[in-house]
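For reference, chains read A, B, C and D in written order, and residue numbers begin at 1 within each chain.
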Amino acid sequence: MAIVLGDNQYGKAETRLVRVVRDGERHELRDLTVSVALAGDLATAHTDGDNSRVLPTDTQKNTVYAFASEYGVSTVEDFGLRLARHFVNSQPSIHRARVSLVEHGWQRLGPHSFAHAGAETRTATVTCDRSGAWVVSGLADLVLLNSTGSEFVDFVTDRYTTLPEATDRILATAISARWRHASADSDWEASFHGAREHLVAGFVDTYSRSLQETLYAMGQRVLAHRPELVELRLSLPNKHHLLVDLAPFGLANSNEVFVATDRPYGLIEGTVARDDAPPAGLAWW
Amino acid sequence: MAIVLGDNQYGKAETRLVRVVRDGERHELRDLTVSVALAGDLATAHTDGDNSRVLPTDTQKNTVYAFASEYGVSTVEDFGLRLARHFVNSQPSIHRARVSLVEHGWQRLGPHSFAHAGAETRTATVTCDRSGAWVVSGLADLVLLNSTGSEFVDFVTDRYTTLPEATDRILATAISARWRHASADSDWEASFHGAREHLVAGFVDTYSRSLQETLYAMGQRVLAHRPELVELRLSLPNKHHLLVDLAPFGLANSNEVFVATDRPYGLIEGTVARDDAPPAGLAWW
Amino acid sequence: MAIVLGDNQYGKAETRLVRVVRDGERHELRDLTVSVALAGDLATAHTDGDNSRVLPTDTQKNTVYAFASEYGVSTVEDFGLRLARHFVNSQPSIHRARVSLVEHGWQRLGPHSFAHAGAETRTATVTCDRSGAWVVSGLADLVLLNSTGSEFVDFVTDRYTTLPEATDRILATAISARWRHASADSDWEASFHGAREHLVAGFVDTYSRSLQETLYAMGQRVLAHRPELVELRLSLPNKHHLLVDLAPFGLANSNEVFVATDRPYGLIEGTVARDDAPPAGLAWW
Amino acid sequence: MAIVLGDNQYGKAETRLVRVVRDGERHELRDLTVSVALAGDLATAHTDGDNSRVLPTDTQKNTVYAFASEYGVSTVEDFGLRLARHFVNSQPSIHRARVSLVEHGWQRLGPHSFAHAGAETRTATVTCDRSGAWVVSGLADLVLLNSTGSEFVDFVTDRYTTLPEATDRILATAISARWRHASADSDWEASFHGAREHLVAGFVDTYSRSLQETLYAMGQRVLAHRPELVELRLSLPNKHHLLVDLAPFGLANSNEVFVATDRPYGLIEGTVARDDAPPAGLAWW
């Protein structure tokens, strides 16, 4: 028996970048958090303290800023591809680079004025090795709520079940969605906005017998409309809104007064995919 | 010398309330976090364990839900006034009630569908005693950014000063603002939207020689346009965006590439008021 | 009627400082978050964009690091006094300086190795003007729990009361305490550890008929044992632990199985003071 | 081409449980956050809104509380195994149950009094299917710091490298570690404390030429001393402490004054394993 090093990677996480484009009166603003993770011939760094193949994480951070200056930031996907390919192509010891990007939205208030758009973020993770590149796009913290059009009945019961059936309830969730592209070359901007639009419509338009049903409807709808996408992974917390019992006060509560609870919460996770999707390769992590 | 009880208050904090109005197809949604704090003849509760004048905080929570059912939630100010007056008027031992409300915004997506609007919240604090009521409205976490139109020069220097002058910089802040009303009877909805509009315009339209100057411009502008308001208090973190030094990579940086930093941050706090404002009474806390 | 500038202050918040003392093998470590707020002749900075009396917040940050080097950090109180006095004494336009310090604890693991001690922090706020200095020490996020020895009965009831009486319950809180010193010259280290010891003992040793009673017992006990302290302010969230109803499963629950809830929570705030305490001056904020 | 449902699971996340043992004067306290995730024949729940195989997440929560009452909570591993086996064995449609547990520590202050122990948590994830059970134990948020005994030199440089070599630096990290057991039957308590002790010793005793080297030393040491463990996964943020440049103030800085930074941070992730480890099966997630 021997003790050995297994999978490993390293990099700079959460580099905060704001890129302004100042061509003329009307400025553009991109606000990103960028994380880099590199893997390769790094065994002796672990076992012998040999840094001769270790590109410092500080250099990775510098590269993010320098590339933002040299090439600009068009989309998170393009910027991530450029960074990931750079590390794999320029460092012989690095075999795989994964760049995860979070874009924070801003709404325009004027030619050079902006308001932060809220918690929702656009995300991308780009993974490259010497054989190719994989792109996963997505969004996080998109919080949606239907105040009716949701039920939960006819479920399994056992000794520990006390939940009453609900024929009309609030359904609310904070969507985390990631979708895999068929190729590493796409119209990222159109694809993102199309996928987001169909996620939202899938939530809004589905009469929901469970959050599972809503999850599938959302994923199905995105894939049906976006041929460039082959697989979606959704993670949906059920943000419970509990009906308050007002009977002790002599009041009825016909689905009007709710407690929004923090914990615990249901968590519904699922994948929707094309049955002819190409292999995922290194896309997921 | 004796040891004595001084100022004290107690209550239920952060009661989460979602109120749906279901009159017809088109639902309305109000999402609040409500905190109650009561003060009065509570000395023996502290010194003797005598609870005979203590209305449980659990009851306060119940009252929030019952009132939401019975009276609805029109504005945070009205709902807060109703709650605060109830506690003072119904409990002989309670002399002062303070109700702090935070409203979380939702954007309409459909007749009964909504998307969470982001981090910005609308706030109100209502304070009542037997002599009257005071209302302070406000907002928090409204994050604004100007990508030019800001400088910081001609400041004091001492032995510890290394900051270079900046003739063109990003100015960004997360506005926390509270404004005191002349009376406890107003058109809360119009007042809030008017104050918010002028805060934003004050930020966007001001050429800024410091965040202090922007603060005053915002406050001055709100008071000039909203006669029902008499005093504003603003707390403005300077969300620093530091210019990245790209010279080591042979690149210029003409205000295009920035690091958005978390800590430390400047914090600029100030009050803007009418010189004939009525006494603040119990408005502030 | 005119619109005027009222109270204002500005400064650098949350400067993160780690100071190592390396005299010999055994290192010492102090880990602080320091916030500075200055007030004075700053009206024209707000109204005219005149920065000629504004010491940059960046300079304030530099001063924190330089003083940590030059003078070391013995206690948060001493370090805060040195900083606050420096700003008032060296800047003619600054009339008041307030320095708030949070110390993060580390436990020793070896001569130069440490483990972070947890969420509890030691705090101090030092305020100086040309007439003197005031020191408030304290702690935050000290979470204590008694699994018995607490009841809540004989309280007021009204139409909205549903809470049953509890003759045996869990009592838990996260203590935020601040105590004012009689003078700006004291044995800060002994005072802090003494105050903390009696706060804890006050919680542990008191049979509690309400969190209010526990609050007063804690404050009374600290003042009775620490003659250098004249006033305490305590803010105690009631971290509710709700008994789970196991009856539906045919199980009893004799105070053994609880839900720890996040929100809402009771919030009990109070002051305990000597009746001959000197005036508070600028101590509180 | 068809659109199909892929991997999916659902459950109740972050159920907060406090279990008191009251046998006699001296109480015992266990404080857990428990998350359950179930997978099985759930396709029609997604595609047809058919809940006939869905055990409500509310029931899962109830089961956590009921089992805490009926069986007590000895260790997170044992409690997790009991829960996971229950779901798989009692629900024909559930083929896999994963229970993730986080234990929050409390230090004893008296027979029934406790102080919260800080941010560090003990963790376990137990996964069962009809063929067996897998146990991964761990800890999170154990923050360690060495104020010397760390260097970073002889690394790769490229066009974007500006980092100077450091022959003496602070090394600090927040350890997240998970270790896989050879079997689902072990002395969990002894194993946890042994693994934790050797993780800490590995950090403290290693002269570090990189955080990668420290990672491997920690993992190697745990496996060398704990034969019941077969694989460790470590995730180590490099909590950078940057030397402050005091030269502008005419001061030297011989590794005494540091800025503790929040973002960005290095992130070093790695696995250390026995080369004869049994297959991981469903252990990881």
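Criterion: a contact is a pair of C-beta atoms (placed from the backbone, for glycine too) under 8 Å apart; a residue touches a chain by one contact, two chains touch by 3 or more.
All values reported here derive from a predicted model rather than from experimental measurement.
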(message) If you apply the touch rule, which chains end up adjacent to both chain A and chain D?
(response) B, C
(message) Can you check which chain pair, B-D or B-C, has more C-beta pairs in contact?
(response) B-C
(request) With chain centres taken as the means of their Cα atoms, state the distance from chain A to chain B in Å. (result) 31
(message) How many angstrom lie between the centres of chain B and chain D, each centre taken as the mean Cα position?
(response) 38
(request) Could you please state the distance in Å, as a whole number, between where the Cα atoms of chain B are centred and where those of chain C are centred? (result) 23
(request) Would you pick out the residues of chain D that each touch at least 2 other chains? (result) 16, 62, 66, 160, 162, 248-249, 262-263
(request) Between the chains shown, work out who touches whom and classify the graph as line, ring, star, complete or other. (result) complete
(message) For the complex, give me every residue of chain A touching chain C.
(response) 159-160, 162, 248-249, 262-263
(request) Would you mind writing out the residues of chain D in touch with chain C in their complex? (result) 16-22, 27, 29, 31, 62, 65-66, 68-70, 106, 109-110, 112-120, 142-149, 170, 174, 200, 203-204, 241, 244, 246, 248-249, 251-262
(message) Using the touch definition from the top, list the residues of chain C that touch chain B in their complex.
(response) 1-16, 33, 35, 37, 42, 45-59, 61-63, 66, 90-91, 93, 152-158, 160-163, 208-213, 215-216, 219-220, 223-224, 231, 237-238, 263-276
